[in-house]
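In this document, chain identifiers A, B, C and D correspond to the written order of the chains, with residue numbering beginning at 1 in each.
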């Protein structure tokens, strides 16, 4: 098993005809993901290396049975594209786009939470379920199937940790990038809940960073609702207040959202927090080794 | 038993200090309803014949444990008052106010349907559960406890039918006015579903009128989900198209919303439809007589 | 409140919906002046709240001053299906390449606004809907989220309109939605939505209905209300704050509560009569309101008998009786009345009537009996 | 993007939030002219993006022309906690009766806007929040429903503000919410929200932050961006489209991916070093971007060693190596570099570096090893 994306995933890509969109769509298909459709207004009827392109999500869904959408359009079109996907009945929407206005994300989040669709991202690398499906830009070559569930606000950092785990002989059930924006569609809690219910996942690694309070909230949730071991990492101990550290959501506001507070909150709930990515992988390998 | 309002109802009245608000609040209290609070901004700390008045719903709820709100403010303040009641955690909101703009009702309806509160009305006479509680302007003297559930878009017409039932020896579990506006907070279906689940109710009388398609939708619902006998009445066979017949929602638009189409839809689903209020009462008495 | 075409177009302009340049005129000389200002050819369009203006000769193309004068003369004052033309809209003529249909309607069933688009415009949409239902595309809009670009885009693609106007037509749907929400409209309809030879997108007609309950926040629209088309009884009733609808029969009807009055109309019709009006005296009606209502009802000369059907709840039957007695004192009606009083203080009400012994007033115990009686008297 | 007080007040005016009349001035003569136009007394306020202006002498009351000139002279050009004052806001002095606090903040945790109101304004709100937490009232607003009158009313009553200003203060909260949404703000703060002796409600200060990602739809605000306060390296990086944050250490840092770069900073600090910057070369970095980034990093004279920490995913390590080699060719850096390349094409990248044999470039196999090495070299 895996969470969110797997061999049942039927992917439609918004922005499939763009340079990046085409590149990653084909990469995802090469990995084995069923990429069944693309959406680009006014390019309906064309195809991208055999992937049929539609003018609207509605047409893509009714013609191909797509159930998962990847959003690869520029920021000013992204919120509209997500809402169109939801309106067309897509159950899972994965938004890669970086730079979406915060108020757009707020409207999208508050609309989606009422029903229908789950959103992962935006500003995220996507989801990889090794051996099953890859949706997004995660470099799949470093990961193999296994029992570690990885959830992260950051891309490269996750690859670093995943890679070290792989070198320790362990693989992943799924790797979920929830993204570095202030209003992610899904939180650590949402994904950890899925990993907790996934029989294949034996250990959960969460990779947080400064800004907001998602890690603190996750700590509470882990304490009350998670039976599986969780290892955490937090980036940004040296970040100065008031500065956005690359990710729009990575900012210490006054005394809010510091890495120290997050690590402390997690440790207070019994979650082991690695000092650096290597140590996180070491702790994970140690726990998994003990469970074998 | 009864539906929606009963001896557990703890009523807060918005607009309690107005002339009509005071009159009906005291009338409801005289009937035995627990009228625990009123809300009128800037009149917090006063009282209306012993009913404490608060500036906000929040204060009324936290001080008195109110769980039901009656809205008695003028139309331009009504939507805001309903939303305030919902925000304060009131589970059931009964809006008597007539003349609320349709777009306000649309916003309120679409907001409330996401969660929290149930709205009855607006532009309705309220709810009477004979012998238990009266919330609104229904003249309680004509009704007694019994096993007929009455739901209606119209006030006086309901009293007429209820009165004839009472003369036939039968009483009511509850009488629910859903109101004559184009966007009622609760539909026939919502209320019929409650009557279906209410052990005391043995017969359901629904009183519809021209405009919209709520009666047709109710017919579908009755056919699939209601085991109890239903008797219906539809007013407005002689209404010309394009004219608003008193209630903002009572209008035949082109060929949509005619009384004939509604009666036909109900009869097609096996619901007996009386030709006039008297006949409705006669059919009801006949059915109840057979069940005794 | 239904707006005239030009009033709707003025709202359109306010919200950025492109419309042809035009001028309002109430006289022939104003119309000619408008035409001269706009430059020929112009279209002179009768402004009345009824469809079928074109077929009735209410829309004419004028290529020069002489034609403008001639057409304005012909149209102003003409009768179109019972409506007298008091004003015209003089508009720069548009070159028509394609005609679409667009609308935002208030979908009561879904309790959401619904946007509609068809490439089959310029004709009777209900006919199109019957012959080619797929041609009319519809999409609901969540009123809390509002109209999104994808709504317009999806409708435009699904309606199969020309590729080069997908964007501007989608954008116009968004602007029509803005009109719908900002102006508290319950209907915004454009038929035809014009694609000109230059491939510009223009609203060539405008049908807008504004929610009467929201007029308090639209002073500009409320000020437009023009009673000239209204029936004299309806105007009189409105001035008195009564809920009255004129019908074409001879049995005057008064009741309390909209549902009961509608039901009374039906029962009178079932008894073989023809209702002359709908009049809801409302909850808690006081004697003066009843007197006032009687005046309105009998001012309709077709009325040959009047039915009072009261079920007293908040309304007290004795108040109703007092109102009726006062009406007889002040205006001495010369038609028979049938009165059915039931509910709160019915005994007192009936006693008052008996005591007053009004000429030609008959009391009945039931609604059905009262209906039969009044139909008999109205013959 | 943080706006200066006067820029925020201009947005306030646009949305109907009452502010005192004022003028912008960049010279003493402009300031005096502004004061003369407004009429005395006026307040001359330094416009810098830092708190504590008043204590630093950056806000002065002037009762006549001489004082206006004297204060403008003193304030323009002064240094407030590292910020040079280049402009002032000259404002009609207000008579202060009461001072409240109002704000709309972007609550990331609740994922909703949050409106705030306190009757304890004109002081440090965080101090108030600690000493009297009940004094600060907060209420979330559903962004799809928007700010409703009850939000303002409830906050006003709960904050216990004076009865006569409940309505206007509630209304101002609604207008501040309009600013928040319409201008894509992530913070709108008014401290103090002034109640004048005449009991008028006025925003006496304005602190507004606009979402950088939304500047494309706010051309007027985007045009305000004044780089004068920015660090030279940050300006240089922005021009090159790089994500760079200046810090105060001596270890220059480049990595790919914001999380990895933050982590690299932490690891360098843990090894006893002090990072000089945050620089995310981004996903799929091409050679030119790397070259450009090296220029920015070493233009900071404090930098005495540079760490490249690359985990190649989409980014290819050979491209990074090529960029570094090109940087050495074009700008000949005189500080040591430590390079850790891992992931996609790491073998090729390391081979390229070995072949180029750049002076003073050290490769390390792990992130931790690289951090230790660069800290050693930076000493």
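Throughout what follows, a residue touches a chain if its C-beta (ideal position, glycine included) is under 8 Å from a C-beta of that chain, and two chains touch if they have at least 3 such contacts.
These figures come from a predicted structure and were not determined experimentally.
Across the two candidate interfaces, A-D and A-C, the one carrying more C-beta contacts is A-D. On a Cα centroid basis, the chain most remote from chain B in this structure is D. A straight line joining the Cα centres of chain A and chain C is 54 Å long. Each chain gets one centre point, the mean of its Cα atoms, and the points for chain B and chain C are 28 Å apart. Shown for chain C are the residues that touch two or more other chains, namely 142, 144-145. Touching of two or more other chains is recorded for residues 107, 111 of chain B. Chain D contributes residues 142, 144-145, 148-150, 153-154, 157-158, 163, 166 to its touches with chain B in the complex. On the side of chain A, the complex with chain C involves touching residues 41-42, 44, 55-59, 77, 80-81, 83-84, 87, 107, 111. Taken together, the chain C residues at the contact with chain D in this complex read 144-145.
Those residues of chain A that touch chain D in the shared complex are 75-76, 99-104, 106-107, 109-111, 125, 137-139, 141-142, 152-160, 163, 180, 182-183, 207, 209-214, 217, 233, 235-240, 243-250, 254, 259, 275-278.
Residues of chain D that touch chain A in their complex: 106, 108-109, 111-113, 126, 142-144, 181, 184, 186, 211-214, 216-217, 243, 245, 247, 255-263, 265-270, 275, 278, 280, 283, 311-314, 342-344, 366-368.
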